[in-house]
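Here come two complexes built around subunit A, the first alongside subunit B, the second alongside subunit C.
Moving on, here comes the complex of A and B:
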């Protein structure tokens, strides 16, 4: 039995950042990288299923990206993934979620997992698309925004809850193999112990090329994408009127706003 | 001349309000001779036709399917067949939990142009350009779709104002191919009641976010909320961590603060899902130590500073010991 967990190394902006010379992305010098918050939960869910299972389950973390992504994959290994796979080729640069999903699907064909997990979305670009697009390329059943899951290793169906708007939940049964996108809060992700971090540092990360997974350059990058970034820019600042001064002065002004709302005389 | 296809959403017999917003967005994309066509996919689509008879709608297509509630396979088969038959230049869906479950799959299998969480659309020299956020909503990103004859866009809610004027669209029907559903919706589960907090009815809410740091600090803000007479709310990470019950979560997946008039957000960075639930609020005050926090983009007043210091001083203003 196997669960494949697609993970992404996301990028947050430094306090002061600059847009790249071509105006289509942020200058990479100003990006702070980390494992996507959602992926912490989907990895944890896979590891918990593994730990609760009577039969052996292998958890494989898969990511698309250059060398620096190894750091996020090591985090996955430290938190309980059995193997880590990274796919990269310079041609992947400029890929949108659809092109990334095509690569993930190609890896899933090679790995033949019983379940494929991905985060609902990434904290940086928030497409909420990759996991479901990968399912479509595989021709697999799929569901998005799962916040509770029951699956017994080897079972032909899984039962899960979708988290809908307004806190409403929906219970759904799905045929396996299936792809599910996992929502924050489905579990409480563990911290990696120092020992497991050390062990993870010594584990190999399998690095594959596009060719290794049966894809070519035309399948990825702008050619394999459903959209192209024309321009990236800092939007004009919102209308927030800043309340200046020291904390006491700021609090006094805020108190006045509250009193005005309540119709209280100061 | 081509069609702009709008997919209306329903759940438990009610049209989802975002469906109407899509009709407004469609008008901005209309080229000369284009028609705006709204498809309703449901076992009994006829019941949703009346609220969709709006100005700017040329046709409503009733698409009768076998499943009562959203199902990815049913929707992909129905929308896919509609795209094949009508060859629309643009397909608009809501950026919602349901569309998360099928829009990307359609884009992948039909090789459509595709973008999600889009908050602005325009035609630039005959080419469709969509704008979305990037890097945690700190930048805006314009995307285009070279070479794609059909572009599927999932639009952010609460951005486009629903049309109000009535219209007189044609009503037609469409029979989609039978879809083999590989997942089966069993039941809806109502959110747990939690404590006695009424976020929906509260007029004054003080919300805490990740900035409070640790669970032990919740008490301090609970006291502050009591002192100023506000209902205490929270952002998602606080509820997920179990520091406050889920019923106090404000935002897209929590409660919509419908009646709220004054909203003070302390240590809430402002994920889009959170901001979605508060656009209608008269006065939003954001207190955050990060001057770049996206919540300042929607706030009326901003205080850049330490939330604990401000909380202490504010409590003092209302008679508490600082």
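Moving on, here comes the complex of A and C:
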């Protein structure tokens, strides 16, 4: 039995960040990287299923990214993932979530897990698309925003709950293999002590190329994406001013501003 | 036989050979039971983890002997009980030595070498000494009885704050029974000794060598006079003596036999514990050995032999129970009960011939003998317990070792989990960007040197709270200005500085501590400086006492002693003396941890302030509640916080104007407590640095440049 958990190393803005030279992203020097918060929950869910199971279940954490992503994968290993797989090729740069999902689906074909977990979304890009798009590539049933899950190792179906508007809960049965995107709060992720992270450093991280998963450069990056970021920018701050003084003075000032906008003579 | 030779101790006179043989048989049996008990106890300690003590055995013996002989740790904060114990101790020791000397002569030196000294003047002087010793023993015991029976100090109440009434180990009446049995048996042994002596004198009154020297044992002689006055003749006295002899003797032998199985063993375990004392027990926590598979303590056998000995040394005196700030505000923790719980656990699990299965050795949990996580997380690691323990029980490392296991399992408050992750990610507990660490310097009218780029005399290790907390940043800027005006050549590490790790280590996250310590040591290695100064007592403690274990040995001062020197050198001068009525709160990590009691007080006096001490001061200072990572764990709603308890203590000082602190966390904790206790407006909380600033109005800019 196997659960594949797709994880992402997200970027958070440091103080006083700058935009990259090409204007399409933040200068990486000003980014602080960490495991996506949603993925912390989906990994925890997989590890809990594994720990509660009578038969052995393998939890495989999969991420797409350069060397530095190993740090997040190591955290997954520290928290109980059995294996970690990282796929990278410089050509992946510039991929939209659909192209990323194509890679994940390729890895899933190779691993053939019973369930594929992904976070509902990533905290830096907020597409909320990758997990579901991967299911589409695989032709698997899928569900988004799962906040409770029960699956017994080897069972042909899993039962999960989703929260709908108005306080409604929906309970759904889904055929395995399936892809689920996991919502925050489904569990309480465990703490990975520094000691366990250090020990996880001894576990190998399998690094695969695009070719290893049967893809080519044309399948990823801008070439394999149907959307492209045009620019990233901080909008100019709105102009606001506080009008001080008593009610009469405030009214006079307000009238003057209106006249000014209308172009009336003062 | 000369007259002098005839004056001697009457031993087995008029006993049949069978009786003497029976007595010896019982004596050997008592010693055998004692020896077996000692074996069982030593086997128990040896089931703990190995530990090599630093320092020589001789120095440790001398140190222990000095402590025991002077009773210096016993008279602290309880002079009456300490004094009474001194009487019991010396009384008992002299009587024991006296009896041992008799055995030495009668059973060993006499028969083997014909050496006999128990005669004449030597005997008489010894007889007098032992009589006085008996009075001391009984007097001390009677006071202890009055104390337990009538005075009933709260610290002797065995009810536990971490258990509910009805729990099997809530107030442990068996402890009370043992206490009273111990006192009564010793009192009866002492009293029957005198009665026996008096009866013997009456019985042998016809012998001048006995009767004429009777006042060398004055209490016995008084008893004899009393017995004669009551109409007892020699025959009756002989019978009484014979019966009492056996009663007294059997009781004494029984006492010896039960020593290793009862609280009486503290005679040995307390001495052993004092010998094994680590003077930096709380200041410098132990590293996790490379060979250790799991961090911290899960099973009772994970404790070192010394810690198991610590458990047995505890005499339930309640000094730690009384001093603990968590206990004082009703948290489910008493250091005494952590120790006693683990002791019960160790006795149940480790005294049997075979070691129980590993699963039965887990000390974490809520069953009797186990320690609950709520208890462990209540601890502020303020060291009040370790500091006051008369027998060198080291509670703080025990608690931190247990916490290490909880951290590994993630069994902690979610906010603490979050904080640890934040510290790992950003190097500070505020979740701020590393780049912002030195943002406070931007408001200064002068540049602060980057110690990574140019050599400085003083490297200022700023610390998290002083760097990021907005209220403390003002103090930090003031201190920088003072250093600048005093012409001190100083610099900081800017974003290369990380959280010093003191509290992370006390939380029990040793792996993260190692990362922080190594990172700071690497940053310090890249700077050139003569001495480190910090305003943060927590950073001060770990850099001073713990970084050396990681290869970072520095000269470091807390700012209070550094500033005192600046005054002494005339580099700072009080221009406008203050007249405030102040009180001073000793920060745990400056005072108890590092004995920095005087410098802040000296500075306060230099400034002209009137210093009124609170009741709990210096070594007995009452923790603000922030230590041991508790600043990152929310306090229970509605319950009193240690800082509030402390502010109420200060508020009782008539006319108090300023509550002076010298620790960034104290400033945060006590300003909050001032408001929440409704004392705002009555007095203020200030950093000593702020008072210094007030007494030295800023010089004009041209003077700075001059």
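What we mean here is this: the second predicted complex is superposed on the first by the 231 of 266 C-alpha atoms of A that agree within 3 Å, B and C clash if a C-alpha of one lies under 4 Å from a C-alpha of the other, contacts with A are read in each partner's own complex, and residues count from 1 in each chain.
Criterion: a residue touches a chain if its C-beta (ideal position, glycine included) is under 8 Å from a C-beta of that chain, and two chains touch if they have at least 3 such contacts.
These figures come from a predicted structure and were not determined experimentally.
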Subunit B versus subunit C as contact partner of A:211, first or second or both or neither = neither
Considering only touches as defined above, state whether A:15 meets subunit B (first), subunit C (second), both or neither.
-> both
First, second, both or neither for A:164, with subunit B first and subunit C second = first
Touch check for A:194: first (subunit B), second (subunit C), both, or neither?
-> second
Please determine whether it is subunit B or subunit C that touches the greater number of subunit A residues.
-> B
Answer with first, second, both or neither: which of subunit B and subunit C does A:247 touch in the superposed model?
-> first
Kindly classify A:230 by the partners it touches after superposition: subunit B alone (first), subunit C alone (second), both, or neither?
-> first
Share the list of subunit A residues that count as touching for subunit B in one structure and for subunit C in the other.
-> 15, 188
Please give the residue numbers of subunit C that touch subunit A in the complex, ascending.
-> 288, 295, 407-408, 410, 412, 414, 417, 420-421, 424-426, 432-433, 435-436, 509-512, 514-515
List of subunit A residues in touch with subunit C within their complex = 14-16, 32, 34, 188, 190-191, 193-198
Contact footprint of subunit A on subunit B as seen in their complex | 11, 69, 72-73, 76, 95-98, 100-109, 111-117, 129-130, 133-146, 148, 182-191, 204, 228-230, 236-237, 239-241, 246-247, 249, 252-256, 261-262, 264, 272, 283, 285-287, 290, 292, 296-306, 309-310, 312-314, 316-318
Residue numbers on subunit A that touch subunit B, as the complex places them = 11-13, 15, 19, 26, 96-98, 101-102, 120, 123-130, 132-137, 141-145, 159, 161-175, 178, 181, 184-185, 188, 226-235, 237-243, 247-248, 250-255, 257-258, 261-262
